[in-house]
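Take a look at the structures below.
What follows is chain A paired twice: with chain B in the first complex and chain C in the second.
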Partner chain A sequence: MSKNKFFITFLVLPAFVLLAAVVFYPFLYNVALAFGNMNLNKIRDWHFIGLRQFVKIFTEPSQPDFYAVFLKTIIWTVVNVTFHVTLGVFLALLLNQQIKGKSIYRTLLVLPWAIPQCIVALTWRGMFNYEYGSFNLILTKYLGLPAVEWLRSPTEAFLACILTNVWLGFPFMMVVALGALQSIPHELYEAAEIDGATWGHQLRTITLPLIRPVMIPAITLGAVWTFNNLNIVWLVSNAGEPSDNTHILVSFVYKAAFNFYSFSYAAALSLVIFLILLVFSLIFMKQSRATEAAY
Partner chain B sequence: MLRTVSVSFLCLFFILVQGCSTRSSQANRVVIWHQMRPDEGNILQRQITRYMREHPGVEVVQLYKETEQLRSSYVVAALAGQGPDLIHGPSDPVGIYEATQSIKPLEDIFPQSYLSEFDSSSLLWYKGHLYQIADKIGNHLALVYNKKYVQKPPQTDVELIKLSKSIQEKYGYVAGRPNVYGLTWNYIEPFFFIPFYTGFGGWVFAEDGVTPALDNQSMVNALNFIRSLRDKEKIVPNEADYEIADALFKDGKAAMLINGDWSWAGYKQKGIDIGIAPLPKITSTGLWCAPMTSPKGFSLNINVRSEKLPLIVDVLKYLLSEECQLETVKELQTAPTRKSLYKNPFILSNENLQNSLLQIKLGRSMPVVPELRAVWDAMRPGYQAVMGRARTPEQAAKDMQALALRKIKEMNE
Partner chain C sequence: MAVQTKRSKIIQQTFTYAVLTVFVVIAIFPIWQVVNISLRPGDQLLSTSLELMPKNATFDNYVKLFTERDFLRWMGNSAFVSLAVTITGVVFASMAGYGFSRFKFFGKNMGLLSLLTTQMFPATMLLLPMYIMLINLGLINTYLGVIIVYSATALPFCIWTMKGYYDTIPPTLEEAARIDGASQFYAFYKIILPLAAPALVITALFSFMTAWSEYLVAAQILQESLLWTLPLGLKSFEASMSTEWGLYGAASLIVMIPVVILFLALSKWLVSGLTLGSVKG
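This part shows the complex of A and B:
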């Protein structure tokens, strides 16, 4: 081995050992658990039982129902990512203009992203309180509307989680979109203006196609993060309240593992989630031709 | 040059790895995990600090974890051969710790003469082994009232409703909402519902102590009762979890509160002149609302090595000493576990403490079996759904029972 290769190996080795310890080993252990029967009573003497946990996930009734949770997770992801991207790109377009106090606006808009998620979630939970929360105070006092049972009704509680996550998530897309917008050569817009292109025309034919290579990976990442966002759902709805009606798949897994000690069931479910996200990412990246050059 | 950099890098890496692996296994370091609220945690810290001052070279570390988090983190940590040396908490997870082989039996570690100094209810025996020695008995709910609003606590549900309404009338309403609610409690956790269930004659398990008993008339009546307190009598807030109920009482917006002994010191510190009383009797059944009571104390991690045991036992004996218990009793007004303290003048002359002891007497011991876990998890959705008007009490009772049975079956698969 040459001196250089020896050095490279030494540089890579610590990272590889750490990755093996915190990613590869847990992943493989999770796969093994998914085919076993580890639960409260068999926590130390579990054994392999084949595909039974997977059969249970897809065929046996659960509380809450797996398919209902899956559907809710899709709604959660689509709605959140749609709002994150729309709001993020819209605000990035505004910030990309020559406006006064741009840096102040930019700082303020990034703020939701800078606050720890758990603090945001618990603060928003307080704001959704029926009698003392600011949302209902605004609705009843200033808008003359009836108070909403944000945390007690299943739909409203889920909506509360979505609202919180939309607020938390748009700054990331805004920052990414802003970076992409600033890299578009100004000459393209000048040429378009000379040709008489309107603002909408420029947006469709220059801006959106040129920010696409940056936005597609960001959207993919955003979708995966949102799909797996345990914190918001867990903290805003206080572990799936009311009556386990606000779970998404990842909070369902967490509850199965750490509240019910159904470790193998939870491991099988997390493997299902992994496969769903893997397939989604591959298809989305391929369909959107994210890796193709923009110019 | 390359060689020097490589070797230095490698050394640094191994030092880091070594550092991580030996930290928790230091021979003179004792780690305690607990779920104590800040007031309780501060006293523990004070006692630990005193112990460390008297024993230079020993480090005792306490770490707070939320109740559910404490249980699940501890099981996972113990399973991985890690975790704290001591775990402090209520007795109900002991069944789970035993099932997962996460804790060590204590009967061979402490001599009988030492154990006889404690009240029998504070020594938790399960399946023939001693798994927990408590420093507090009770961990129970009681009626906490603000003496500014309540001069004489209610004895029955009828008195409770009448008194609440009179307080609400006296302090008026804003936009249909009373300035001071008569009563409040946590609508989320079924632990807070148990007194109503027992008041209507129910109990979570059948005679055998492991079969859930949730689908019955007592459950329906109890659920109907709490719903009527809110929807018909309008003496409790529309929505309340632990934090909201706690905040309402602290802010003087609720005259009475159902809360546990862990919270009482906080109200005193907030400057509220509180009184403690047993939860009222349900007139229609003639039964007292009986909260679950349990010892709260220390268990020993299964992974503790024998060479470290003497140090841990020494720390534990200090924390369970008369001196430490009396200090806790004086500040928190919790019930002690050392027999000698029951004759202490402070305890005998303290009205709140005496009422708390009376409440313990009227309460029912919390079962230790792991099946209780399934019962809590099965009751929670139904309890919340009834309070959220999403299910009728009859349907909720049926669902609770079915879910509890299914969870127990899954647990035993």
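This part shows the complex of A and C:
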């Protein structure tokens, strides 16, 4: 028995020590910072000031406004995940038929997920360029429409970020949905066909309910990833341009931490974001009764 | 009746192929853009045409990347950092995942749950405290600094993947070996670990890709251009007053090709690894 204990210790301890040093300790440190007054000038002689950073977040006006950014983050997450799931499931349904060149289509459609995010973001930023970007070239030369100031006005810049992220996110949902679709037994559809069920009816009563258990955790994960996606917003809008109007919560924190060096403020805001996500995930997973499957 | 169903089937097929083709074009378009830009000669970088291939296509940008810029150096940096993160990820995750899968111990559920919770951390939540720690330890502008942060980001996911995979291997295999007199370590190392090879590959690739294409952490920790990893170099082509699109295109393509190939080869595994842990049973 004691030999067994030694073996477990040997297996798990190294990872735990590492995680304690690089995950748990920084986490606690972040919590401590959130209640302090650290900035670049006070790295060594900071002290606790209670809840003042949180009060500042929720009550003091900031540029950009916290509530506006929060609202934008929710729009960002809902719009992105909705498109990811709808497009993903739709394409998976198309791919799940007997078609020629299925694996080629599948491979090519997965490409947006395979490309490193920073390259995706910088490339799309180039495509949104006013004079030379391909979007405006297509709009003006082929569609005869006026060019759009993609990166210079707030709404369009935010739209540009969303377009980029929709492009990059649908393959994940598609692959997950395809896996789920392939595990549905064929007999179910055959039986439904004999009973005269239409395609739409089959979709609602067989397909969607059966891929649900797989999709719910994937959607939760996708929502959390999207909510926290710093790369795309930061790099497409070039750090929140125009004039800090294109931020979601994480990019707002990143800016507060590394451009303004308000360390404690940023730590408090990180904590707020984390709690929002934690509550969301718990409620969402519980609602869909998938919690027991998470173990 | 039969004719009608046949016709509706043809319509359905046409619709399928048409829609799939449209989406393939959308998926490929930005990649083709990068290829196109990388092949443009210097005087056409700001071209406003949308030709499939640029006129007088040339490899000048690629040559320039290696002869006039520190690209090779950045590549070496990236390879070194990624390799270190991969080794850390695989070694620790293969061991810890096994422990989590096979044994009961104090704090096991807490541990697993907290690994899951780390997925909800906003990037800054770990990055900021670690950044301050690295300042205090004098690890800013060192490879060790980024390696530590990347390992911390990749490890929770790797442990989950490994645990999920070990769960699918029946414990009777080790029990049989133990009856034959094998030690616990031998049973793990010689019997279970080889069987878990697919999960090991995923873990390795995931760690590698995390490190290979990460920008935001590296941007804070590696400030000297000689220490830069590839994404920082890429951004530098884009960030300067006059964007060097040609170099950017060529560099992007070189950075993405290995990752894309690896990813496509393993995308099936990656998804089963992702979902296995969460939707088992």
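Quick notes on this structure:
In this section, the second predicted complex is superposed on the first by the 289 of 295 C-alpha atoms of A that agree within 3 Å, B and C clash if a C-alpha of one lies under 4 Å from a C-alpha of the other, contacts with A are read in each partner's own complex, and residues count from 1 in each chain.
Simple rule for what comes next: a contact is a pair of C-beta atoms (placed from the backbone, for glycine too) under 8 Å apart; a residue touches a chain by one contact, two chains touch by 3 or more.
These numbers were taken from a predicted model, which means no experiment stands behind them.
Once the complexes are laid over each other on chain A, chain B and chain C cannot both fit and instead clash. In the superposition on chain A, A:96 contacts neither chain B nor chain C. Contacts of A:43 after superposition on the shared chain: both chain B and chain C are touched. Once the two complexes are overlaid on the shared chain, A:33 sits against chain C while remaining clear of chain B.
Once chain A of one complex is fitted onto chain A of the other, the partner contacts of A:14 extend to both chain B and chain C.
The partner of chain A that touches more of its residues, comparing chain B with chain C, is C. Within the superposed three-chain model, A:202 lies out of touch with both chain B and chain C [touch as defined at top].
Using the contact criterion defined above for the overlaid structures, shared-chain residue A:112 touches chain C, although it does not reach chain B. When both complexes are overlaid on chain A, the residue A:22 reaches chain C alone and has no touch with chain B.
Judged by the touch definition given at the top, the superposed model places A:131 against both chain B and chain C. In the superposed three-chain arrangement, chain B is struck by just one stretch of chain C from 133-141, 169-177, 205-213 or 259-267, namely 133-141. Chain A uses residues 3, 7, 10-11, 14, 43, 126, 131-132, 258 to touch chain B in one structure and chain C in the other. Within the complex formed with chain A, the chain B residues making contact are 2, 5-6, 9-10, 13, 68, 72, 75-76, 79, 96, 99-101, 175, 177, 188, 237-239, 241, 243-244, 370, 373, 377, 380-382, 384-385, 387-391, 403, 406-407, 410-413. Contact residues of chain C toward chain A in the complex are 13, 16-17, 19-20, 23-24, 26-31, 33-34, 37, 46-50, 88, 92-93, 95-96, 98-100, 103, 105, 109, 111-112, 114-133, 135-136, 148-149, 151-152, 155-156, 159, 184-185, 188, 209, 212-216, 220, 231, 234-235, 238, 243, 245, 248, 252, 255-256, 259-260, 263-264, 267-268, 271-272, 274-275, 278-281. Across the complex, chain A meets chain B through its residues 3, 6-7, 10-11, 13-14, 17, 37, 39-41, 43-44, 63, 126, 129-132, 140, 149, 151-154, 238-239, 241-244, 258-262.
Interface of chain A with chain C (complex): residues 3-4, 7-8, 10-12, 14-16, 18-19, 22-27, 29-30, 33, 38, 43, 87, 91, 94-95, 97, 99, 105, 107-120, 122-127, 131-132, 134, 137-138, 141, 167, 171-172, 175-176, 179, 213-214, 217-218, 221, 224, 228, 230-231, 234-235, 249-250, 253-254, 257-258, 263, 266-267, 269-271, 273-274, 277-278, 281, 290, 293-295.
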